[in-house]
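Should a chain be cited, it is by its letter among A, B, C and D, assigned in written order, with residues numbered from 1 in that chain.
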Amino acid sequence: MPLTPMTDSLLSIKDLSVSFRLPEGETLAVDGVSLDLAPGEVLGIVGESGSGKSQILYAMMGLLAANGRASGQVLFEGQNLLSLLPAQLDRLRGNAVSMIFQDPMTSLNPYMRVGDQLAEGLIVHKGISRTQAQAEAVRMLDRVRIPDAAARARRFPHEFSGGMRQRVMIAMALLAKPRLLLADEPTTALDVTIQAQVLDLMAELGRETGTAIILVTHDLGVVARLCDRVVVLYGGRVMEEASAETLFDAPVHPYTRGLLAAMPRLETALTPRLGTIPGTPRSGGQVIGCPFVSRCEARLPDCAIHRPPLRDLTALDHRHRVACHLTGTAP
Amino acid sequence: MLRFIGKRLWHGGLTLAALVTLTFFVMRLAPGGPFSRNRKISPEVQANIEAAFHLDEPLWMQFGRFVWGVVRLDLGPSTRHRDYSVNDLIASGLPYSLTIGFWAIIIAAMVGVSLGLASALRRNSATDYLAGTVGVVGIAIPIFVIGPVLQAVFAVRLDWLPVGGANDGWRSLILPVIVLALPNIAYISRLTRTSTIETLRENYIRTARAKGIGWRRTLWRHTLTGALLPVIAYLGPATAAIITGSILIETIFAVPGIGRHFVDAALNRDYPLVMGITLLYGAILILFNIATDVVRATLDPRIRNER
Amino acid sequence: MSADLAPIQSTSTMQLQLRRFRQNRLAMISVVVLALVTALCFFGPYAFPFTGEDADFDVISAPAEFKWPHLLGTDDFGRDLLVRVFEGGQVSLTIGFLGALVAGGIGVLYGAVAGYVGGRTEGLMMRLVEVLYGFPYVILVILLSLLFGGGTMALFAAIVFTLWLTPAVIVRAQAQSLAQREFVQAARAGGMTGPAIVLQHVVPNCLSSVIVYGSLLVPEVILSESFLSFLGIGIKEPQASWGNLIQAGTAAMDSDPRLLLLPGGLLAVVLLCLNFIADGLRDAFDPNDR
Amino acid sequence: MTLLEAQGLDVGYKLPGSGLFGGSRFLPIVHDVSFTLEPGHTLGIVGESGCGKSTLGRALLHLTEPSAGKVLWQGQDMATIPELRRRRSEMQIIFQDPVAALDPRMTLARIVSRPLATFEPGLTRHEARARAVEALGKVGLSADFADRYPHELSGGQAQRVGIARALVGRPKLIICDEPVSALDVSIQAQVINLLMDLQENLGLALVFISHNLAVVRHISHEVMVMCLGRVVEYAPRGAFYAQPLHPYSQALMQAVPEPDPRREKGRIGTSLSGELPSVLSPPPGCVFASRCPKAADLCRTTRPDLREVVPGRLAACHFVEAP
């Protein structure tokens, strides 16, 4: 789904930063991230732990921890989410924008029947009756392939497997037909065959309802399976952004290339040793120059001093942007 | 659910039996007897008084007689108050102890929970510090200090309330109930505050907020259950604290409840009365523990089908 | 291999916890006040030419005029109030700290063994605790102090026997989770025997929660002693203890409030300090609600 | 000489019964597992959660007692080795959660040198510490790490300390129980390479347990696939990844997402339907029958035994033929 001109983008994040006040000082988890999303598009945000990828979603949904602060702009259908009052934000949350989380075992209310937890959103946002909402909930449970949905709706979360609970979460999120679904590592805690089921479901429902999806994950395979476009994050900053095909066929940024070399593969030829990126992933914090400099084996003297801007390599396909001084010299 | 209650009753019965047996033999082992403290009376008189109370029989016989008594709900005569049976003494004292204990728990729960919730929701606010001070005062300053002080101020000096006794209807209950409730208000408010803060950190609260159902609905429909479960679980042991406290209250405010009887009975080795009250207190405690478990089971489905 | 910042001076978990405790002003003030009161109680009486039990009949019920030697006056037997409160403090504080230490010690070992061993033995050990918990505490402690024949030692044994339950339950839960932790399994893979693991891995890691709950145990023990003495079962006249002093004070409440306020006040101050210290320790050891 | 051999191994846990004297129920987790492992070789054990691979790993060292069958260490039944704990220096284990595997109250030098107190009691404190620093060096941690504490380490560094502790007693075998699952991709690669280097330099045998087929492919010589406590396929690495025989292995291969959009976009919609069966109520027939696309009534009733379909390759399926 190529990105049409900027004006009718569903979501436009401009220079978003998220910082946390800790006793030992202020740390910057997200440092000036900008990205756009077209209606119905599936965008992947990839990064290791500490890259700040989840904090972008939490900032948008107003779910930051008490000591967290977000700055910049998050325009969703023209409204800046960061400046909305809680009551205004609540009209959108679970209605126009909804979110699913990583750990299915703890994300559902253990004391409330599953059907009621689903129906609740509809009752609040669509103002329909309880019985109508519960019927709609059962239909949605059936749609996400929960066996004998009507009976299961009356049961409690601890009677569901991990995979089933994640499908319930997806049903809950898509019940109100949102325009945007935010997914924070939805399949990380699942087994690989169950993960495949959940990814298929998300792809199917996304296409069917035209819901745009932002998928945050550390697993490059999951991104390849589900996403149209990918953003690679490191130390709270965008390192590279491109269509899935371009990113995996011709990665430019040393970090992206390093990640792909470090990932063990099933089908390509075996190499005696995996490609490695030395050192440990850096998390947030004020940094002059490129955050990846301490681990980058292709670094230039300039990388530690000047912060590489996100340049558009228009020569390749329409949207391939990279933040690296190496490309500065390239055509 | 019934199986759940049945199992709890069975466990409770076992505990009560163990409790009563232990008390029976510990009392017998304690030095001195029911009549050893009287002024000089001739050995023969002493002997047949003891025979009248079957104290000359072997221990297991006496225990058998006691158990048979319990089954017939007749706890036998009191060795100290000769003209009253244990049943009479309990019947006269119980209403007072129960009323005070009951109101103390109700007030402690209501005031404690609301203070705890308010301070958890608006942390470091005025209510938070107020609840904090009430909490610390309640826990740190014992009943037998607060009681006499309030008594001196409100009853003696200002004469708003009766100094003691129980013949002035509910007015004479106010001070005892408040003093008895204070430590539990403190404990419950601190407990509610911590459990609410922990519940607010749970992932399913984050999901509720992400559903955009508004903070009020999130609080009432999602946060409250999780926050109150540990408090309800504490209400069992709270009754034990209330029972302990009631003995003090009845001494300070001269309330004719069974708590006071117990201390005198223990000091004077009034075996039947001690056994009677122990049985009563033990039963109250176990029933209350079962009640709190049942309430928790209705709220938390995992407990319900766990057993 | 791993490019790290300059080798920082490494701080052990214990040092980290102590530093966090020191930053807690309220807790530090409480430590100072508690130390002051304890010192006064144990060394104060030496400053006076008489003991708490010497009755001086020509100064009966002297008012508090801060005049030497009876600074705060005397009770109705002519015994110096201040010295008696100090001596009472000695009794209550000794029983409090010693009682918490012994009850805590028993509780920790019982809990650590039950938690680590698991299986049927743990079931039985915990059943016993459950039964003892079922006991109305007051009956148990009164019966035990009678069983042990009254007097300070009997009181001490009765209190300790009833108060080791809570630390046992807390440490058992902690030991149970520790037994599953990988570093305990790694110790077994490292050839360590069961007892060695309990002593070197389980108990040290339970210490932090023991210290927190131990500090809560001290006020409990002091309260129990005063409670029993108040009921006339604990420390008997003429020996002074805060319990029996307060009991005497309540009887003369309206005529001479000093008799109650002095011991009661000191007891309240000690209990307040202990509670603030306990809060400080809990925040220092598991600072999750930062 | 075969280093480690499992013969018809069954492992399970006793669940405490309810009530005071309630009888305890026995929950079987691992059923009838057999294999041999040569020195310097790596056996990869792969399977989804609940398939019993971690339980098997612990039973191989008798950290949990097997309920049936035998584990032979250099030909000798481990149950009969006297003072087994003194011989544990030869067989070590590393864990999934690197930080939880280190006692938070000890310095790294003490953690790594602690096993020597049992294995080589003669060593002085100073010699033990030197051995610890040497072991830390072998896993790429400089000497100044010796006095640090676990809470000051990253996940990757903590896992290296776990490996150093395993190395200090000069083992012949290390059981790796999901050692890299909790680590980031770039750190995962570092630890995998480190394990392979150590195997080459020290002639170590490894039992590598993981749910990640790609990681297992990179490090193993032989691969064993487990499902619900049973072995469903056993084969040398090359043959297995070229042509997995058992339908479950094929399904796993199919489900693992690769960083290749064209391959993956073609895979959407091919996932299995049905849920992971629960360990508490294992199905009578084949363990994969409830989700297998080729399942027939035969599969649901009689359990296929593990048979040699091709020399050196075993599979437990009624319909599997030689490739």
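Please note the rule applied: contacts are C-beta pairs under 8 Å (C-beta built on N, C-alpha and C of every residue); 3 or more make two chains touch, one makes a residue touch a chain.
Keep in mind that what you see is a predicted model, and the values were worked out from it rather than measured.
Peer 1: Based on mean C-alpha positions, I'd like to know which chain lies farthest from chain D.
Peer 2: Result for the farthest chain: B.
Peer 1: Quick check: more C-beta contact pairs at B-C or at A-B?
Peer 2: B-C
Peer 1: Centroid of chain B to centroid of chain C, CA atoms only: how many Å?
Peer 2: That gives a centre separation of 23 Å.
Peer 1: Mind checking the centre-to-centre distance between chain A and chain B? Centres are C-alpha means, answer in whole Å.
Peer 2: 54
Peer 1: So, what's the distance in Å between the C-alpha centres of chain D and chain A?
Peer 2: So the centroids are 32 Å from each other.
Peer 1: Give the residues of chain B that touch two or more other chains, as numbers and ranges in rising order.
Peer 2: Residues: none.
Peer 1: What parts of chain D, by residue number, touch at least two of the other chains?
Peer 2: 20, 157
Peer 1: What positions in chain C touch 2 or more of the other chains?
Peer 2: Answer for chain C, listing residues that touch two or more other chains: 1-2.
Peer 1: Provide the residue numbers of chain A that touch chain B in the complex, in ascending order.
Peer 2: 61-63, 86-87, 89-95, 98-99, 101, 103, 106-112, 120-121, 124-125, 156, 158, 169, 172
Peer 1: Where on chain A is chain D touching in the complex?
Peer 2: Those residues of chain A that touch chain D are 48-49, 145, 161, 163-164, 191-197, 199-200, 203-204, 218-225, 244-245, 248, 258-267, 270, 273-278, 280-281, 295.
Peer 1: Touching chain D in the complex: which residues of chain C?
Peer 2: The contact residues of chain C facing chain D are 1-2, 7, 10-14, 16, 119-120, 123, 127, 181-183, 185-193, 201, 204-205.
Peer 1: Considering the complex alone, what residue numbers of chain B touch chain C?
Peer 2: Against chain C, chain B makes touches at 12, 15-16, 18-19, 22-23, 26-27, 29-31, 136, 139-142, 144-145, 147-149, 151-152, 156-157, 194, 197, 237, 240-241, 243-244, 247-248, 251-252, 262-263, 266-267, 277-278, 281-282, 285-286, 289.
Peer 1: What residues of chain D sit close enough to touch chain A in their complex?
Peer 2: Going by the criterion above, the answer is residues 48-49, 154, 156-157, 184-190, 192-193, 196, 211-215, 217-218, 241, 251-265, 267-273, 275-276, 278, 291.
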